[in-house]
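Read the structure below first, then the notes.
Note that the chains are named A, B, C and D in the order they appear, and that numbering of residues resets to 1 at the start of each chain.
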Amino acid sequence: MHQEQPVITHLINGQPVDGGSRSADVFNPATGKVGEQVRLADRATVESAIAAAQAAFPAWRNTPPLKRARVMSRFKELLEQHADTICRLITDEHGKVLADSLGELQRGIENVEYASYAPELLKGEHSRNVGPGIDAWSEFQALGVCAGITPFNFPAMVPLWMWPMAVACGNTFILKPSERDPSSTLFIAQLAQDAGLPPGVLNVVNGDKEAVDTLLTDPRVQAISFVGSTPVAEYIYSTGTKHGKRVQALGGAKNHAVVMPDADIDNAVTALMGAAFGSCGERCMAIPLVVAVGDATADAVREKLVAEMARMKIGSGREAGCDMGPLVTKAHLDKVRGYVDQGVEEGAELVVDGRSLTVAGHEAGYFLGPCLFDRVTPGMRIYEEEIFGPVLGIVRVDSLQAAMAMIDAHEYGNGTCIFTRDGETARHFTDHILVGMVGVNVPLPVPVAYHSFGGWKRSLFGDLNAYGPDAVRFYTRRKQITQRWPSAGVREGAVFSFPSSK
Amino acid sequence: MHQEQPVITHLINGQPVDGGSRSADVFNPATGKVGEQVRLADRATVESAIAAAQAAFPAWRNTPPLKRARVMSRFKELLEQHADTICRLITDEHGKVLADSLGELQRGIENVEYASYAPELLKGEHSRNVGPGIDAWSEFQALGVCAGITPFNFPAMVPLWMWPMAVACGNTFILKPSERDPSSTLFIAQLAQDAGLPPGVLNVVNGDKEAVDTLLTDPRVQAISFVGSTPVAEYIYSTGTKHGKRVQALGGAKNHAVVMPDADIDNAVTALMGAAFGSCGERCMAIPLVVAVGDATADAVREKLVAEMARMKIGSGREAGCDMGPLVTKAHLDKVRGYVDQGVEEGAELVVDGRSLTVAGHEAGYFLGPCLFDRVTPGMRIYEEEIFGPVLGIVRVDSLQAAMAMIDAHEYGNGTCIFTRDGETARHFTDHILVGMVGVNVPLPVPVAYHSFGGWKRSLFGDLNAYGPDAVRFYTRRKQITQRWPSAGVREGAVFSFPSSK
Amino acid sequence: MHQEQPVITHLINGQPVDGGSRSADVFNPATGKVGEQVRLADRATVESAIAAAQAAFPAWRNTPPLKRARVMSRFKELLEQHADTICRLITDEHGKVLADSLGELQRGIENVEYASYAPELLKGEHSRNVGPGIDAWSEFQALGVCAGITPFNFPAMVPLWMWPMAVACGNTFILKPSERDPSSTLFIAQLAQDAGLPPGVLNVVNGDKEAVDTLLTDPRVQAISFVGSTPVAEYIYSTGTKHGKRVQALGGAKNHAVVMPDADIDNAVTALMGAAFGSCGERCMAIPLVVAVGDATADAVREKLVAEMARMKIGSGREAGCDMGPLVTKAHLDKVRGYVDQGVEEGAELVVDGRSLTVAGHEAGYFLGPCLFDRVTPGMRIYEEEIFGPVLGIVRVDSLQAAMAMIDAHEYGNGTCIFTRDGETARHFTDHILVGMVGVNVPLPVPVAYHSFGGWKRSLFGDLNAYGPDAVRFYTRRKQITQRWPSAGVREGAVFSFPSSK
Amino acid sequence: MHQEQPVITHLINGQPVDGGSRSADVFNPATGKVGEQVRLADRATVESAIAAAQAAFPAWRNTPPLKRARVMSRFKELLEQHADTICRLITDEHGKVLADSLGELQRGIENVEYASYAPELLKGEHSRNVGPGIDAWSEFQALGVCAGITPFNFPAMVPLWMWPMAVACGNTFILKPSERDPSSTLFIAQLAQDAGLPPGVLNVVNGDKEAVDTLLTDPRVQAISFVGSTPVAEYIYSTGTKHGKRVQALGGAKNHAVVMPDADIDNAVTALMGAAFGSCGERCMAIPLVVAVGDATADAVREKLVAEMARMKIGSGREAGCDMGPLVTKAHLDKVRGYVDQGVEEGAELVVDGRSLTVAGHEAGYFLGPCLFDRVTPGMRIYEEEIFGPVLGIVRVDSLQAAMAMIDAHEYGNGTCIFTRDGETARHFTDHILVGMVGVNVPLPVPVAYHSFGGWKRSLFGDLNAYGPDAVRFYTRRKQITQRWPSAGVREGAVFSFPSSK
């Protein structure tokens, strides 16, 4: 009776493969309608992907780094050519506006670009004469089969943080993207095949906990990269490491923006608008908290924020001119709305209330208008927890010292930023704050692709960060060689008569 | 009635501290007598050490790297001045001959030396104009309180792999050395205080599982370095990571030396003698297995080994001219002797039997003569397990390919070496073998201090190796800063009238 | 009456410009006919190019490195797309066979690829707390206007060693290619414009000594890169440095290949054939001398060389299946032939004489058959001087020591190689030989693009080599910044009332 | 009849050697009396030093870097132990106060410390699989004999910028210190012998132009480092390079300090006092010009300077509590005084006149009181030329833009600094100013020893800076090795029967 949706399957050994008996709905959050179904891989399917990756490894690790890098260069060209398609796939399944999808893709492309520097990045260190006639050098060799487990909020970018560098280093890879918006991820993986990536080097399995647990426990998988929430990150880290793997697990965030009295307030507020409400706040580098130093600062920031928020246009991500689209799922919408209710109960002042928003023509979409709280304080759940929605809170403090103590006491330490013109203030803040990525007048201090991404405290488990130089070290094993040669008589000439007598 | 032994206590906040109600005997393995007692720290004592380290951290991390490095330089001078004392302490508690103690200390000193390069090693990467007017750079900041748990076999060297670099990077440290031979470790820690290390920067707690578990679970401890057996390494890695820490845990080894038909056999055998029997084989880089390629090679190696072994002198480590001292404890002696019995049962050919050795004047010492097995094969326990004693086995294979397959199939992948004169053979072996430290005509390819130490497979859990460049990254957290400055009008001159109006 | 040839002009500020009153003929060496005329720039023309480069500099140095790098990526794609055209231009003016032209272009493309890693390569070093509260870092800033003067033998590759990295670092550039084969160089420069290089960033002036001298003496030119013969390199180095510029000047070569008795002789000879006769020996990394250790080795090498040489096919570079084309000019043909005559007079044994070769249908082409001398000795002009033609000489020595002494005594030290299987021989040779680029069983040890190119002794003047990491340092000036911030009261809160009073 | 002064000779091959027939007086500038005579080496003497260095080279370059580094560590300890003696020698011949001598020595010691990191600094880059089965790596090998020519103003520090790193890299060295104050230099060289530097590795020749020209032209000398005035630097650079050597020649300076209206004026003035008058201004990093932005700034700076200058105590460098000692020679005193006269003639306002100073008990000493000019302008000789004396000038400008244009137009570009609290101002200044070493609120931005020292424009000729990472590259030659191994049958087992048949 009812219409069959198309089913999104897996990419294993260079081929689309349908494996597993369970499926999940993939919604378009702007309409609330199911677009497709995605197959959820069972253990056997994941194991077949691991087997494909294992089989592809020996030839790929022996391929010179320059050749592997060139596949990344061609892949980058294809990503640029197909940017429109990719962005539409992101927007239709995630909800973010097309400009945000493009921004995400650009960041992903920069990571592919960095992976194409592999011949430079893989250089080891060579020491002649560590002792008389003894040389030593290091090689950074591929690990084997690596896996990545990625979140819904950046279906293009976060996978591109991981597998391009992993494969440029000579590894093979299993990617398990979010089952909520897998289409752009799979489309991109197909482009990599088109660019010349041999079958089995990159495999994509869609799935849920069964797939994840297979990856975490299979002894053939050497390394796990994860981005998601902190409780899951912690599970991934402890389970993966318990099975002897190296793991980098990036978790949640609650990034504070400090605004100092000497800041350029207009610039700061403009910056904060994008940082708070871009992609509906569904970013681990979003700014959900503004810490204003001094009431005068807080009042000025609040006034300008209210004015700017009133000008925002919310609608389908496909529509031109929209600033913000819907949240990703109905469940998530309910959760975020619940946080707003909670904030009111906890006594924060709800200055702008986006709960009543409806978008004409998209009444079933998962929309929430931007919300602004003032007088948020530590201890409130809207202060402590990651909301991942378009909800910004103003926290008022008397001094930078108080602001920094508050930030340092928070569970998370992913990103933070400070708005000031004063060199000394910025230097003190960046030196001492217990946060991994720090912006000075930069609201989203996401490191460029040739640096590395990672938070502190409970925002990251592991010792090497995502992408950039750290990723090279994460996706390789150091091999250390020490070499001395005994005389064979060849140099001294003792065997000169030897070859001719052969 | 009976004489009280002196009690070895802890070093906390720069002071000797006695904490805990339990103690253990420390024996002199050459005599079998108890020399001292060592106090075993209880949880409260370890926590007081952690508190001291935590308190010392802020000032120490703010101390310029050059000043921290200079403490290491002075410390190095003191180690050189007190080398004799340290070596006697090692030999009296561990048993190894004085020359081995000095070799160990020298290696440790090289690590102190490398830590003194901290100003160079801590440089971050700076990028101007990552976007217009935006700069980005990385800093490698200290973690806070770090801990090290070290084995009995290198009481001076292995601690010096860890804490000098950790503190040179600005961390503070808790060291828990082996309770079997703690005296040299503590003496060295005292020298570090004399060199100017502030109280609380390095703390030493003696103890056993209670101390270890406190370190593994206390949330103030940020990182754990461990060297020991694989089962414990695995426990340390999974427990420490489960508690959110970064961990590097180095475990067991079973290092194979491949001897090719074209090798310089005399050189190879001389090299193997030291590698197999030095420090009674109680080294994770010892060579307990010789893989001879071709029977002719095996016969030649065996013949020369038997002759060399007959010339060895075994006695107290304090005695001049001895090649080998006793094993570390009675229990370990029994275990190693049990392996020899086991090898005979399993069908290996016991060519040289050291079980009947007695050392005149040291009848109660834990001595075992060097043993040589031939025709050892995979599957035998003496092939598979780490014996950590003076027991060398010859394995016969037909080809390099067979030798490499065997090595790759072994659980451990710490070190290996190949004896050959042929460039191509060496290159193929070093490129493909699944082992972390590889020697070419170098029997103990322990990397020099300016490279890093670590095995593959179940010989190391974690992603960053011990000492050298990897240790810098392990003992620091990357902080990534992105900076842009808004105009303050200062540059353009708008506020020129301003200062005079103050 | 006579037909006007097309005139090749200059590329200045993104436009074709005709400047100068003199011209030179450009020949097709396979036919001996003049194909075009090339305009020789006068001082005013070169100065206008310098002015264009100077004007383009401020905007280009402010362009973020990533954007500059991306121009190089697009440029690389265009080079790949237009490879056929470029190769035909090279072959028609230089004479080398199309396969050699393609090989040259590939190497050039690798240099463009490396230049596209600029964001990674330009990272400076950042040190926090060089003193309390004081930070220091280095930046590698662009120099301004740089110039390159390149030889006829690699009209595509050698320019691509220089300007792509120079402009990726933020400089602007004047290229003066060889006036004998400028067309491929200019075509490539045009592709760079198409790839998005702004006008004036790269300028090409054709010319001779007048152009060169203008570049060497104009104070606006900051740096000179040169590749050519040693006497000219020396002139460039001393004149450029006298005018306060930084200069890297690569000169001549006479590369020796040592063949040891244990070498794989078949492989060695195959390798030597290409190294001696590829591109008619018109390469600074060609092998014109084989040093055979032991007479048996020499006899075996000679015998196989004679057999291989008999199989060579010589003809127009455009013709499929040819191994070797003509020499570049009539004058050069006469010079090389003169060296062969000279060798006979000096007493070397002319084993294979290529002087009588004619190529049917190309009787006016500048062809010379491959020549082989045996018993060449130091002191002969054919031993001491760079012939730059298809003339290979065998030198017989008794030991590696004699071979190395001979190589070290030679004026040049560009490249060398050794054929052996023995690790110790190779290690001794590479450690001690006074030559900059050393091959072990690699006849043309031209470093890959991510390493750097340069000889020793009179083969290179300057301290930084061509391309690779050294080029980054050559084309940038270190700027060292030391920074401390005084308190502005902003952090401490003294001015909290200040902004609202504005 | 007259008393013979002691004669300072040379250090050649580890021995004091008297060579040359000419001598020069060495004065004590505080008393105006001749303390000693220094022998001026003739060509033959310098050549014997070169021969000694040449002979010492092979063994020294083969000494493992770690061993060479350890000589530097021991040397550092000796410098610390003998600091008092060294400082007295500096003060007695140069005149600077003891605190300045100690400051200089400390900076020198830091360079020795950095040289002791040689094992880390000399690492080359290793690339496996640049092609299938082909590896490549770089080595940074010693050059051979290097030479350093150093100025009078830092007789301890500047030589220690050069030779410790040169010898740590495996070179041997000829140092020609200033003939005006050679005693501390020689004393230090002797300490290096005591630390274990083998004879001939470091040689010191005293001398003048004859010695310099010998070093510049002798073909055995591979590299020249020079610090001095720009005309001589230019001569050294063009002469040395003409003779095929690599040269780094550091010349004069005229460093501007910009004071912005928002600066902390008290801090700025305190900083400027030391920067202008420390060591009598005889420093290439001294600040002789303050560029005040805005008249109010200028007035405030001037007022505070006058007050501080009135408090200065001038006297013998040996006397406790003195801020400033005498100038180095009578001739230099006259020259500096002449500049003050000149400034008055040129129309600058002489606010503080130090010309009439006499120091009781030291009437024959070369003393000049501190001088302050206001309203100095470009075009005046006291603006354009390096005075190298205690003469500070205030330049008044209206904007930062004007200040920067003025600095950029000056012939020299050694150091500069800016005083401001504003991040944007500092960033704009450091990015764009055409000066090599830039301070932000740091008056003497001399890079720490682990960074490198060098100016722009006519302050430095060459492409690699002094000390730090650049010095490693300057004192080494890149050797690039590319390696491939042919099969010898050893690996495949074809020769298994071979060894036994031997």
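Here is the rule we go by: a residue touches a chain if its C-beta (ideal position, glycine included) is under 8 Å from a C-beta of that chain, and two chains touch if they have at least 3 such contacts.
For reference, the UniProt names are A, B, C, D = CoA-acylating methylmalonate-semialdehyde dehydrogenase.
Just so it is clear, the model here is predicted, and its values are computed rather than measured.
*Asks:* Going by the touch criterion at the top, tell me which pair is linked by more C-beta contacts: A-D or C-D.
*Replies:* The greater number of contacts lies at C-D.
*Asks:* Greatest Cα-centroid separation from subunit D: which chain?
*Replies:* The most distant chain relative to subunit D turns out to be A.
*Asks:* With centres defined as the mean C-alpha position, give me the subunit A-subunit D separation in Å.
*Replies:* That gives a centre separation of 48 Å.
*Asks:* Quick one: report the Å distance separating subunit A from subunit C, using the average Cα coordinate of each chain.
*Replies:* Result: the chain centres lie 42 Å from each other.
*Asks:* Distance between subunit C and subunit D based on Cα centroids, please, to the nearest Å.
*Replies:* One centre to the other, that is 36 Å.
*Asks:* At least two partner chains per residue is the criterion; list those residues in subunit B.
*Replies:* 66, 119, 123, 125, 127-128, 130, 137-138, 262, 420-424, 426, 440, 448, 450, 483, 485-488, 490
*Asks:* Testing understanding: with touching defined as stated, what is the shape of the graph linking the protein chains, line, ring, star, complete or other?
*Replies:* complete
*Asks:* Spell out the residues on subunit A that touch subunit C in their complex, using ranges where they run on.
*Replies:* Touch residues, subunit A against subunit C: 66, 69, 73, 76-77, 110, 113-114, 116-117, 119-121, 123, 128, 133, 135, 260-262, 265, 293-294, 296-297, 300, 398-400, 420, 422-425, 427-428, 431, 448, 450, 483, 485-488, 490-493, 495-500.
*Asks:* Under the stated contact criterion, what part of subunit D meets subunit C in this complex?
*Replies:* Those in contact with subunit C are residues 125, 127, 130, 134, 136-138, 223, 234, 237-238, 241-242, 244, 246-247, 262-264, 267, 421, 426, 430, 435-442, 445-448, 450-454, 456, 458, 461-465, 469-470, 473-474, 477-488, 490.
*Asks:* Could you please specify the touching residues of subunit B with respect to subunit C in the complex?
*Replies:* 62-66, 119, 122-132, 137-139, 420-424, 426, 440
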